[in-house]
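Structures for review follow.
Below, chain A partners chain B and then partners chain C, in two separate complexes.
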Partner chain A sequence: MMRNISFGGGAWSTLWWIPRGIIFGLLAFFIFGPLFNLVLWTVAEKWYFPHSLPLQYGFSYWEKVFAPRGGAIESLTNSLIVAVLTVVVSLLLAIPTGYALARLKLPFRSLILLAFLIPQAFPNLTVYVNIARIFYEIGLNGTVPGVVLVHVSHGLVYAVWIATAAFSAVDPELEQAARNIGAAPMRAFFDVTLPLAAPGLMASAIFVFLESLDEFTGSYFVGAPDVNMLPLLLYTAGSGGNYQIASITALLLLVPSLIFMMVVERFLKADVLSKVGH
Partner chain B sequence: MSGRFLGLLLVLPALAVIAFLFILPLVMSAVGAFQVEGAFGWGNFEKTFDLYTKDIIFSVVIIAISTALIGLLSIAIGGYLTLGEHPVAVAILRWLYRWPMFIPFIVVGQVLRTFLSKSGMMNNVAINLGLIAPIDATSFLDWRGIVIAFVWKQTPFVALLVAGAMASLNRDTIEAARNLGASRLRVLIEIVVPQVKMTLTVGLILSFVTMMSVLSVPLMINAQTPTMLTADIAFRVNSYGDYGVANALGLISLVLASSVAWIYLRASLKERA
Partner chain C sequence: MAMDEGFVELRGIASRYGSTQVLNDINLSIAKGEFVALLGSSGCGKTTLLRLLAGFQTASAGEVMVRRRNMTAEPPHKRGMALVFQSYALWPHMTVAQNIGYGLKLRGAPRSKIAERVSAMQALLGLQGLEARKPSALSGGQRQRVALGRALAIDPEILLLDEPLSNLDARIRLTVRHELRALQKRLGITAVHVTHDREEAMVMADRIVILDAGRIAQAGTPEEVYNRPASAFVAAFMGAENVVPLSGTVDGEAFVIAEGPVNAAGSVALMARPLSTGSVEARFRPEAARLAPAGDVMAPGTGITFRGEVLAVSYPGGHWRHVVRLGDREIMADADRAFAPGDAVAVHVPAEALFLFSSPHQAAGSTNSRAMTSGKVSA
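Moving on to the complex of A and B:
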């Protein structure tokens, strides 16, 4: 076997853990070091140069952040409202689109699929700047619906692509069977196809939710300063030099992202994943 | 109602969102770049190159360095996951490398700002381990900070794509080369990487465009000059309400991003011809 050629015996393969350990250790330091540093900042009451660790630990900044005037409750509520609305609107748009792209004969199908990638494929900063101008004219700037619309345009690629893949992974014969025993097209869709595509749609909903929760640039131009959201709170606290509040906000944004990274494979099964973008 | 018509009807609302909320403002920004006080002209570009030539070069260099590093690291990670011979080591790496993938850029900016600063954790650890003297500690919150932030956040994404492509390769050639005595590095460079070139390039182009659009990282890590184009655009709009120059800067970053995509398209067409 291959391994016997490269390593003579047990001693060699034990020795191999030295370079491996050094590389993995460095990698772990650069990945987890910054995250650990962030957690330290959230509970640091006093921390200044040249001390490598905080001088005093405590939760007083958490109290400050979550106090009625701390801004976090308002930002968190706004962020959640916007994210939930973004998911609802995106799915309402993506479910019919995904179904059509997966099942119906469409002219220019691959072009349509590509069109949803456009917002990710162009540098989008000036786009947000100009949307803010349009929204200002029609009174949408600084409103929750305005921010939701911006987030929808950005998250639609995940919603549509994953929904299309989810519908493609459902066996069309099941829907046909329901039709054959007399179900109306709508009934067959809602009773058979939609429930079978649900795990994939759930994955696209989570993607869109996170995209919206984390989105900074669009919220910065369209939402601020009227619609305060977590990324904006993080930014203002950070630029004001208040690292504790910035770190607590960052942690609030970080936790859902990390949880999602760990569970994503449960929702996005290989059969759906292999059909994304096709 | 024919199936085609129904299909288009179902797709139309979602397409309308993209048309009105992305393509229309994109066209507006392209047109706006050439508008000076109501008339068409090159004024915005003259001003842009006067004020921001340094920043344009700075942005291109930073993003090029980051893209190259992301490419190298992704190949290394994907390569080890594919060719690594110790299952435990492979499992550790697979568990380790993905963490930053879904962390938002704004959080990356904050996290690395405290980690890389002069009194930050990186310098502290190096000092405590005796690797550097306290007096030699320098802040990394300049161009290096931006590169580190981009590489930190984008590598897992490209590595995931590359590792996926490598995993689906036919293993026979790899095993054959190994059995003939080719080193793993040689197998990686001469057999594996050429076969996943397409995926790697797509991942790197997507990363390139993402990095061209990120506003939070340059604002949080490197607020001094020279800085990235995105920070300049925000500054033009917020401080001067100067949409002309902001749009011109936007068009320049658009041209930069599309030229990268164009080089890639040309190369892949040549390959097929």
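Moving on to the complex of A and C:
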């Protein structure tokens, strides 16, 4: 009897890999198939229909992209500078805002939280064309601060919502314990609350960074042609039919996303995520 | 002692949360080195009072004085009172040593002095070898001691304890009670301890302050509140849960209890109790009652004897506990031997263990009067 059961179990477990294998195989294909295609394009010197693989491989397009006149280095630098500045400005705004929304009894709290969503609630194009017009009048158009401001308005919803959740997840008693033992309010905040909310703030920073990195519409209207960004390069290359340059740019944009996934997985705790938007 | 009288003073403290009055007219004077327990059921305002002392809550009226200095408007970090939280509130990103040393770091103590004090605290509380651990790697008892160490490290004049033992398991709790009390005595710290555990308050405190619905119901030594409860509420809270309505008359220095449907006539000394002629509520503890077979001649002395019938008997340990029916109500009474269900018994309660309270509005609202009414209807 016992032998039968264990034999049946054994047979089942030896066969179980088949459906599992098929499911994971399909999943891998849908995720990695396009990625593989992308990577292939970056090293394809010659590739046309009906050939399923490139006819000639090489790195000449990489050289072209990273050549001084290719514009990739400039766009990459611009994109990184803008992204970092956007993160700094967003966090400087989101930390006090998030703390206030998490801790203080504010009237219309949910309304305030919702207000940060407004820039996303309307068609981007309409919003950014108008911003561009206003920025043009005050001389912010075509400047890095101008682009940063646009990205901040876009990224603030993530920054504030996640920061609010991160501060909500810190037990107020921990801060009170610091106050009780002799810490002034600011000291208690910097010694206890901020370090404990740091993982959540880190996650919000990464979100904002990524949003800034591949934001297109605002960068286009406010930045171009004086401040060129990576997505713009991708767009130009893609619309010009230059798949190699488009793929290389896309790959460059992909790297931060992958790092982001790993960092978020490490830092963002479930109790912070569960409080987003509350 | 007289000089230290009124070390901490609460004057006319009131607190409201929205439209609810959480605390009302709290007047309390705590001597230096005294261990005071704030005892009450949940929602009585005891934690609010403690948080008010610590400065986390503002009073809507009244003053908090320490050493005759008005602390009412002082922020928490300037009060010099160390609070041990019920949740311990240890900082998870700091080690045990950092948790304990934080208060001294705030005071700008040199590194060597902090290390010295931290290891002294560890030795005092039996936390040696744990300095590099994070709170998450400690047991409940260890966390509790770290929380205590963090509070004591700053050498506070006043230690506030918010049910610090309630998260410990029952056996550890019993030893920690005594350790905490011994420590407080040794260090001469004034302590205010919030608890809902009557026994804990009795064992640890010099003085127990019983709170009921935001007011002080009684303040006194454990012996006083146990043996001379000031109100029916206090008596019930201190375990005198048997209730029997009686009536009687004040006769000089005695209160003469009239014979009733379930009790013989009796008499108890008045002893300055504010009793008035009329109906009274009698309360006593199960262990204070003496059981005897009905008809046995007891030499009762003063007190009162009820006639009843045993309904059920159980053995919780040490003695037999009986459920006895007195007319239309049930009481509990302990005895050294078991009486069988159905036995007619006499329940004698000696005068010193019988708590009498004039029924405030005769029949108004109290549960026992309702029991009487319904009893009559069904009978």
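The criterion applied here is as follows: the second predicted complex is superposed on the first by the 244 of 278 C-alpha atoms of A that agree within 3 Å, B and C clash if a C-alpha of one lies under 4 Å from a C-alpha of the other, contacts with A are read in each partner's own complex, and residues count from 1 in each chain.
Here, contacts are C-beta pairs under 8 Å (C-beta built on N, C-alpha and C of every residue); 3 or more make two chains touch, one makes a residue touch a chain.
Please read these numbers as outputs of a predicted model, since none were measured by experiment.
Following the overlay on chain A, a side-by-side fit with no clash is recorded for the pair chain B and chain C. With both structures placed on the common chain, the touch criterion links A:G182 to chain C but leaves chain B unconnected. By the touch criterion defined above, A:L233 lies against neither chain B nor chain C after alignment on the C-alpha atoms of chain A.
Residue by residue along chain A, chain B and chain C are tallied for touches, and B comes out ahead. In the superposed model, A:F24 makes contact with chain B only, not with chain C. The three-chain arrangement built by superposing both structures on chain A places chain B and chain C 100° apart around the Cα centre of chain A, to the nearest 10.
Applying the stated contact rule after C-alpha superposition, one finds that A:I134 touches chain B and leaves chain C untouched.
Here chain B and chain C sit at a least CA-CA distance of 13 Å once the structures share a frame through chain A. Within chain A, not a single residue is touched by chain B in the first complex and by chain C in the second. Residues 54-56, 75-77, 81-83, 85, 87, 89-93, 102-103, 106-107, 150-151, 154 of chain C are the ones touching chain A in the complex. On chain B, the positions that touch chain A within their shared complex are 3-4, 6-8, 10-11, 13-15, 17-18, 21-26, 28-29, 32, 85-86, 89, 92-93, 96-107, 109-115, 118-122, 124-125, 127-128, 134, 152, 175, 178-179, 181, 206, 209-210, 212-216, 219-220, 230, 233-234, 237, 243, 246-247, 249-251, 253-254, 257, 261. Residue ranges of chain A in contact with chain C, taken from their complex: 171, 173-174, 176-185, 187-188, 191-192, 195-196. Per the touch definition, chain A reaches chain B in the complex via residues 2-3, 5-6, 13, 16-17, 20, 24, 27-38, 41, 48-50, 52, 93-94, 96-97, 99-101, 104-107, 112, 115-116, 118-131, 133-134, 149-150, 152-153, 156, 160, 210, 213-217, 220-221, 231, 234-235, 238-239, 243, 246-247, 250, 253-254, 257-258, 260-261.
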